[in-house]
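For reference, chains read A, B, C, D and E in written order, and residue numbers begin at 1 within each chain.
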Amino acid sequence: AVLALGVVGCGEKKEEKKAEAPAAAPAAPAGPKTIIFASDAAYPPMQYVNDQKEIVGFEVDVIKAAAEKAGFKAEFKNVAWDGIFAGLAAGKYDAISSSVSITDERKASMDFSDPIMSIEQMLVVGVKEKATDLAGLKGKSIGAQIGTTSYLVIKDVKGFKAIKTYDEVGLAMEDLVKGSIQAVVADSPVAVDYTTKKHADKIKIAATLKSDKVENIGIAVKKGNKEVLDLVNKGLAAIKADGTFDKIKEEHKMK
Amino acid sequence: MPVNSPPTAPIVDIRHVSKSFGALKALNNVSMSMSLGEKVVIIGPSGSGKSTLLRSINKLESVDSGTIIVDGQDINAPATDINRLRMELGMVFQSFNLFPHKTVLQNLTLAPIKLKGMGQAEADEMAMRLLDKVGIREKAHVFPAKLSGGQQQRVAIARALAMSPKIMLFDEPTSALDPEMIGEVLDVMVKLAKEGMTMAVVTHEMGFAREVADRVVFMDHGAIVEEGTPEHFFQNPEHERTKLFLSQIL
Amino acid sequence: MPVNSPPTAPIVDIRHVSKSFGALKALNNVSMSMSLGEKVVIIGPSGSGKSTLLRSINKLESVDSGTIIVDGQDINAPATDINRLRMELGMVFQSFNLFPHKTVLQNLTLAPIKLKGMGQAEADEMAMRLLDKVGIREKAHVFPAKLSGGQQQRVAIARALAMSPKIMLFDEPTSALDPEMIGEVLDVMVKLAKEGMTMAVVTHEMGFAREVADRVVFMDHGAIVEEGTPEHFFQNPEHERTKLFLSQIL
Amino acid sequence: MNEARTIDVGEGAAIPSRSDWGLFNAWTISITGAVGAILYLYFFQSTPYKRIAHYVADGIIITFQVTIMSILCACCIGLVVGLGRVSKNKAVNLAASTYVEVIRGIPLLVQLFYIYYALGRLLNVHDLTAAVIAMSVCYGAYMGEVFRAGITSIDKGQTEAARSLGFNTKQTMFLVILPQAWHTILPPVGNEFIALLKDTSLVSILAVSDLLRRGREISSESFLYFETYTLVALIYLVITLILSKGVSIMEARLSHYARQ
Amino acid sequence: MNEARTIDVGEGAAIPSRSDWGLFNAWTISITGAVGAILYLYFFQSTPYKRIAHYVADGIIITFQVTIMSILCACCIGLVVGLGRVSKNKAVNLAASTYVEVIRGIPLLVQLFYIYYALGRLLNVHDLTAAVIAMSVCYGAYMGEVFRAGITSIDKGQTEAARSLGFNTKQTMFLVILPQAWHTILPPVGNEFIALLKDTSLVSILAVSDLLRRGREISSESFLYFETYTLVALIYLVITLILSKGVSIMEARLSHYARQ
């Protein structure tokens, strides 16, 4: 599947295509609609940049598969997370595919597709740390990526020495490995990825933070953009129905 | 040179002009006029307002009150195109002010080409004629920095003449020059005077004043103290102030 | 003033000293010595190496070859503590070089306090005595910028004296002064000479040389051309070059 | 002093000049060291440096693209602002001065965020354009001061001579003053170019794929922070050193020209 | 020209001076406008500006903390570098010059990443400390040039007079030269202070909770990008305007002092 999406080149190429997008690709007049997805591609294994500078990952593959089924063309654009919603509102792209959790606050300013999957918030700590919940980390420093639901979990918890926000979740993990902070809260797929692949010997998952609500991730579109939403939902439903979704999950070794 | 106004009407008419710099009255109710072809030499001690008077004629300095009529036009009237009028008034500065990024020839041709729409060839030819006149034809393609002060000032005169002005204004054209070079510039100015150019000259060169001036004007403290022919002026000055000045300078 | 070396041994002994600035030979195999209490006046045209010679005595200028012995110590020897030795050598510059951020009194006391560990009170008292001597006691608490050139130079002399040097070096101490002020500085220098100070003075003041010098040294092109008593010097100079120089300067 | 300060705004590189012995030699040492280090790492420590080098290479092009487009726009803005700053028209003058005062009072990074996110809704431009706009707006203010200083460095007599020949204000400026001012203006513009090139690293925060962004991408993926940032720093260093030498040569040429 | 350039490194604010009519008035307009806008937004547009203002307030303190600590360290480094740059000892001189050349050749943001992430594993320092180290190392190079220019601005005669009294090099520098040089040094140091304050916005990238970081946090959470960045920019503007007025007053005082 990875090879099939090798079209996306460097930033420049993407821009050119974006500019042509409204003209509905004159070279192929009857061609499928192109949807541009913004992605904070520093979020392995969901979406990240590989050695060929392509945006790849689980969610990317899901969207590509859905696109095939629903008959649209998906293009990905790397966007820094803390401005990703501003860009959507400004119409710089059609949708956000960046492990966006569906929350009530966000629903107020954008529309969401059907859930792709549910995730949980996980507490990641150093291998020697004994604490197994947030309370056990009082007096220590904790971090999360800026503007994420992970950050919302810790934002209002009292008793930490410092609550730090990072541009990228990887930078938070790096600080954890370095010892600048003692814990990171992150989405479950990301937490698993970092603790099993990248820094298996240095950090571990201490706990899954229980919540009374189920947290789902989905594709965000500008409020009222029904056309895109319908296409995405159609594709998602199709791949879930025919087992493609589970196959991709397996490929990416997701539980 | 075409003459538009009847010979009796003055070509420059300065009436009750005053000008202050802050608290300092640089010009204090000055009136003076020049008729076509007349050569007026303005003298006076430093700071007496000579330059200010000369510069106000082509509005490099704008006056506070009074009127200045040049060639029939009030230079301060809103309808007057001062840039047009300035083409009638050639000005030569103490510090030459040649354009250092242009050759001597280009210094002469720039304004005629850009302002009068003269063709390159015509302008070049005219410029060479003028350079001949001031005696430095051979320096046409040299940059000003390579010239001596005297040569630069002669180019500056030629540059002003290139616009075929009706009147030439000189503000101490030889004061910045070494003694050896003063002569060559004065020679050009005398030649110009003999050809009938209307000239207003601020200078300390009394020999020039004696030889060329139709009228000498003596200024002090922003006012014209005395004026008259060179003969009157150098032999029987009326005012004490004039006598004192002449005794110092001669 | 305690004398360490026997009176016969020279207190300054310059032997075969040369010094170049790039291609220019500022000093060319110069030898000269001074004994204790002697006053030597060095004269010569501009650029002849007078300043360089004087400055090389306290190593403000380091020489290329030759030796300089001051008070028994080779100033270029590695073992010599040049900062210690400089305390024996008071220097007065053409441009005064007072410390503008210190009062007159502090200018005098800074070095004795910091370098000799003198107490504040003792230093102040000594400084006031010296200011008395140069005649500007009343300016003790004023900043140098408020003083005239002559006053500044007298302070500079007092500052040098505050370190109780054995030898005083003067490099054209009056050249930067207006004529009215030259006298007041020379007076102080004459007084100092009368008290028996060893002095090397570069100057164009021939009157001073006549009155004070034990020996006059004439330099040209980096070499000593002629030396002798003032009488010999001003009445019967031997060399053509000396005669020419004296004829120009007197 | 004031005059001098305003023309010498640059936070560019340290320009090596022959009169500054230390800097002149330091330049040689630095460039030799930096180029040597890059070559050594690339050829003798191929893993992982070769991989990093290939990954970040296209970032250098983006960095130059942003720099060159921004400096061109900044020069245009700077010319307008500089003319405004010397204008006798009080309203124009004040407008230009206020622009300079406000823009120089706000950090470039904040301006970047502002233009990108805050104004993003109004002017729907893509990243590279937003970056270029922000850099130009910011450097336009600095450039304005450079132009102003260049214009005021020309003797008043030149204006008077031109005006007395009959040229109007605009002709005087473009035919007489500016052609002379560029000698004064060019070296500080070169310096601003270097400063701007360094500051383009800030656009990496907007996910523009410049040199630094590429470095951040590969380091966060490969965890080769030390190796990546060493290489990125060396690349920036070599670029600015070469440019600063260029400015130094230009300065020497122009001052030579000015003397003749 | 060279001398002047090196002391006037500042990318600080545009310092309003009485001799610059336009800038002087522009300052008044800008500060009135900025303060007025903040007050208006806070009191008459309380939602959402009050919320934003309260959220970012503690960021201002961090910004000042980083600025003040960094400028102090940078001054110390600058003094050492400046002394090195004027040293007659060729090795010392070259070391100082190379430091200046290299540091000024690398973007501050790259230096920040380098110190924080690349060297971070070796020297495991607190983020604030890393920020201060990086800012100090970078500004130390600029400050070194300020000190160097200040030192060389003192007449050579002062050194000669001090040396001839018997002071050694160090005593001469600290008792005679530096006490005089601070008049020349202080205004550009003030300017560097402003430039540094603006550049502290970069440390927001290291997850230091300064003013800009706080702004980014609240805007990414509340989606009030326009409102947040407007307020943040205004706060920065007011701070730098006030500081630039301070520098301007200091400059006038010192030049008055120098005249007396």
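Brief remarks on what is shown
Throughout what follows, a residue touches a chain if its C-beta (ideal position, glycine included) is under 8 Å from a C-beta of that chain, and two chains touch if they have at least 3 such contacts.
The structure displayed is predicted, hence computed values, not measured ones.
Common neighbours of chain B and chain E under the contact rule above are D. Within the contact network of the assembly, the step distance from chain A to chain E comes to 1. Common neighbours of chain A and chain D under the contact definition above: E. Our note on geometry: chain D versus chain E, Cα centroid distance of 19 Å, whole angstroms.
Once the centre of each chain is set as its mean CA position, chain A and chain B turn out to be 80 Å apart.
Note on chain placement: the centre of chain C and the centre of chain D lie 53 Å apart, centres being C-alpha means. Taking the mean of the C-alpha atoms as each chain's centre, chain B and chain C sit 57 Å apart. The set of chain B residues that touch two or more partner chains is empty. Within chain A, residues 83, 86, 89, 167, 171, 174 each touch two or more of the remaining chains.
In chain D, the residues that touch at least two other chains are 113, 117, 120-121, 205, 216, 225.
Pairwise chain contacts in this structure: A-D, A-E, B-D, C-E, D-E.
If you check the complex, the residues on chain A that touch chain E are 81-83, 85-86, 89, 109, 143, 146-147, 151-152, 162, 164-167, 171-172, 174-175, 178-180.
Chain D makes touch with chain A in their complex at residues 51, 55, 58, 62, 113, 116-117, 120-121, 124, 126-128, 205-209, 214, 216-218, 220-221, 223, 225.
Taken together, the chain E residues at the contact with chain D in this complex read 1-2, 4-5, 7-17, 19-23, 25-27, 29-30, 85, 93-94, 96-98, 100-102, 104-111, 113-114, 117-121, 141-142, 145, 188, 191, 195, 198-199, 201-202, 204-205, 212, 215-216, 219, 225-226, 228-230, 232-233, 236-237, 240-241, 244, 255. Residues of chain A that touch chain D in their complex: 10-12, 15, 18-19, 42, 44, 48-51, 53, 78-80, 83, 86-87, 89-92, 167-168, 170-171, 174, 198. Of all residues in chain E, those touching chain C in their complex are 155, 157-158, 160-168, 171, 175-176, 179-180, 260.
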